[in-house]
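One chain, chain A, appears in both complexes that follow, with chain B as partner in the first and chain C in the second.
Moving on to the complex of A and B:
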């Protein structure tokens, strides 16, 4: 019986590859867009304008305070009421990008705040422009703080992309759900789904850990 | 192979739900179009469904609380295993934590939901959900506890050794009271994540808050009313927990000052 199931599973190989491809593509696109947007928002957040900063803060709280599933439903079912028709893929990309941007915004803002004010003042005294200050003085130093949680955030993003299966995108989780209807062995099917995610996520987790260790070493902290 | 009757039933229910949704998703024109820009946002319907939302909210709260208790239990055991010197304990704990952290909760949830009946455990969806949340959050809690214990300076341990304390005494009297303080704020952060993650249980038809919103959305074709309302309820929970986290860290921040005077 298990042999039959394995054969049937081997038959769903193309579906699994498509699912994995969908998961990787969704995560990759929203990861790139989210990082760009997140850095922009993070810089604006610490830019000194009270109003902009508090608006961004409120938006970030709104996104952090609601489950991602609810956000996806909101985007997918409610944007059409404003006359914007979306297919599931675009809705998924928008939801994931927005989520990533909000979390990355906070990470970047924390990194920028960690740069001592003396550095900014020195840059001001050297006559650097606003843009030069950010690009040549603040960001390079902030990156050391930003990098480890940023990579950790990417892992969370890839995992959150599984939730878009709820609006019918055939990503890896959805493929598992479809296959389990035909091959009634949930343990095996979802173990394989887990292996798929593990292959994508684990290298990133290792990278995050290495970066964290290097950061710790750079700051002279003792590892116990 | 005979599929357990219960699983069959819930699967049928789920697919009906999915069909209803995919109809709504693919052909919005099948259903009466409403005026754009949410002009006829119906507060009356929300009020009408308020008991359902209230029930969902209560379910979400208590199942999150129960799962968090479970996560603490799992996390403490895993952290204790992970801090041992013997590889026999450390390797399984590490493997478990990595496996949980590298896979999405939804896949873990389905793994238990479709997998447990195979092993002969036919449990209600709610129990499967609480189990999945506990096992998932437990891995993160274990890392928080471990980080808290490792954050205690080495000198404290050495001082304990020098005072002739046994391992248990050192743990109980020196390390844990200090580690406890460090772990409370991140644990509350994890509680926030857990409450949000509990929304996924609606996908295995546990009747919690998100499920209430889905019911309103699919019964009356009013997704805006349903999902905006539950988003508001989740925000309420979020701000409560966030306030608690802020209070606790302020309280804990005051503590060292008090003890040093």
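Moving on to the complex of A and C:
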């Protein structure tokens, strides 16, 4: 019985690879886009323009305060009502990117705020422009605070990508649902799905831990 | 003090400048003109507004009333490019504010390379010379965390000099230092003054004032109470408040 199931599972191998590929693609694309957008938002959030800052703040709160599944449904089912036709992949990317950007925005803003004002004043006093102050003085110091939780956020993003199976994308989780219809052993199938996610996430978890240790040491070393 | 005529402009010209922090009147009708190559020491009790006074000059603080003209440009005027003006004004902070992620040399060359657009090799050459001048030739590649307070402050001075400013402002440059490190910083400041830099220095280092200042300005409660040559001020202070202040700082 179990032998038959395993054989059947082995037959699903190509599907599983496709699902894993989809999960990695979705995560990777929205991770890159979300990071870029998140940094931009984080910089604007701390940029001194109150209106922009509070609009971003409100958006971030809204996204953080609603379930991701609901956000995906909203993007996938509501936008077509306004004439914007989205395929499931694009909708998934938009939803994941938005989610990642909101969390990364707060991480980056916290990092920027952790840089002592004296640093900004010194850069200001030597005539560096707004962008130069950010690029040369503030961001490099903020990165110490930003990096460990940023990588941690990537892990969450990969796991959150499983929710896109709800709009029909054949990612790793949906492959699990498909396979379990042929191989009626939910425990085994979803155990393997879990292993798939873990294989992708574990290197990042290790990286986050290493960064945390390294940044901790550097922080003690670099005293202001 | 007489108000200078509008046509005559010093390097730094305060004309009836006032400033509030909320309801606190931190600068009260300040009128003060600093000539090119002049060294002015500003002293007074803590909270008297002396740091605020010099922080206004490079726009780290905004003024509320009056005119402040620096190097011929009026602050707050839409025609004044503040970023440009700041490149002409070096500012030395009490807490050094060196960039902790950059080496001593990188601290010195950052603004010359990115603001003055000087070629890297040339800026590094000049940076090494400046660090040698402040006695830190062997520390060019050290990070601020590897330097003592006195060394950090000397790097901070070199960082300002790297921009070849017309004016140098010092905000209690030795207050955060251990006593044995004060003189190494003051020596560098004396050397800068002797090269003819226009300087405003907030400090209680009276030895420094006697040595290089043309004028001592005494502030209390946001106003300039007294101003005169170091000799006049230290040997014959004119007001009760300055006498009380001097008796406190000279006792130590």
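Following the convention adopted for this analysis, the second predicted complex is superposed on the first by the 219 of 224 C-alpha atoms of A that agree within 3 Å, B and C clash if a C-alpha of one lies under 4 Å from a C-alpha of the other, contacts with A are read in each partner's own complex, and residues count from 1 in each chain.
The rule we apply is simple: contacts are C-beta pairs under 8 Å (C-beta built on N, C-alpha and C of every residue); 3 or more make two chains touch, one makes a residue touch a chain.
Values in this document were obtained by computation on a predicted structure and should not be read as measured data.
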item	value
Contacts of A:17 with chain B and chain C, given as first, second, both or neither	neither
Which of chain B and chain C A:6 touches, first, second, both or neither	neither
If touched residues of chain A are counted for chain B and for chain C, the larger one	B
Contacts of A:32 with chain B and chain C, given as first, second, both or neither	neither
Contacts of A:181 with chain B and chain C, given as first, second, both or neither	first
Contacts of A:80 with chain B and chain C, given as first, second, both or neither	first
Overlap of chain C and chain B interfaces on chain A (superposed complexes)	222, 224
Residues of chain B defined as touching chain A within the complex	1, 3, 11, 18, 21-22, 24-25, 28, 34, 36-38, 98-99, 101-108, 110-111, 113-119, 150, 154, 196-200, 202-203, 210, 213-214, 217, 223-224, 227-228, 230-231, 234-235, 238-239, 242
Residues on chain A engaged by chain C in the complex (per definition of touch)	116, 118-119, 121-129, 132, 136-137, 140-141, 221-224
Interfacial residue positions of chain C with respect to chain A in the complex	58, 60, 83-84, 86-87, 89-91, 93, 95, 97-101, 110-111, 114-115, 143-145, 159-160, 163
Residues of chain A defined as touching chain B within the complex	1, 61-62, 64-71, 73-74, 76-78, 80-83, 85, 88, 155, 158-163, 165-168, 172-173, 176-177, 180-181, 184-187, 189-191, 193-194, 197-198, 201-202, 205, 222, 224
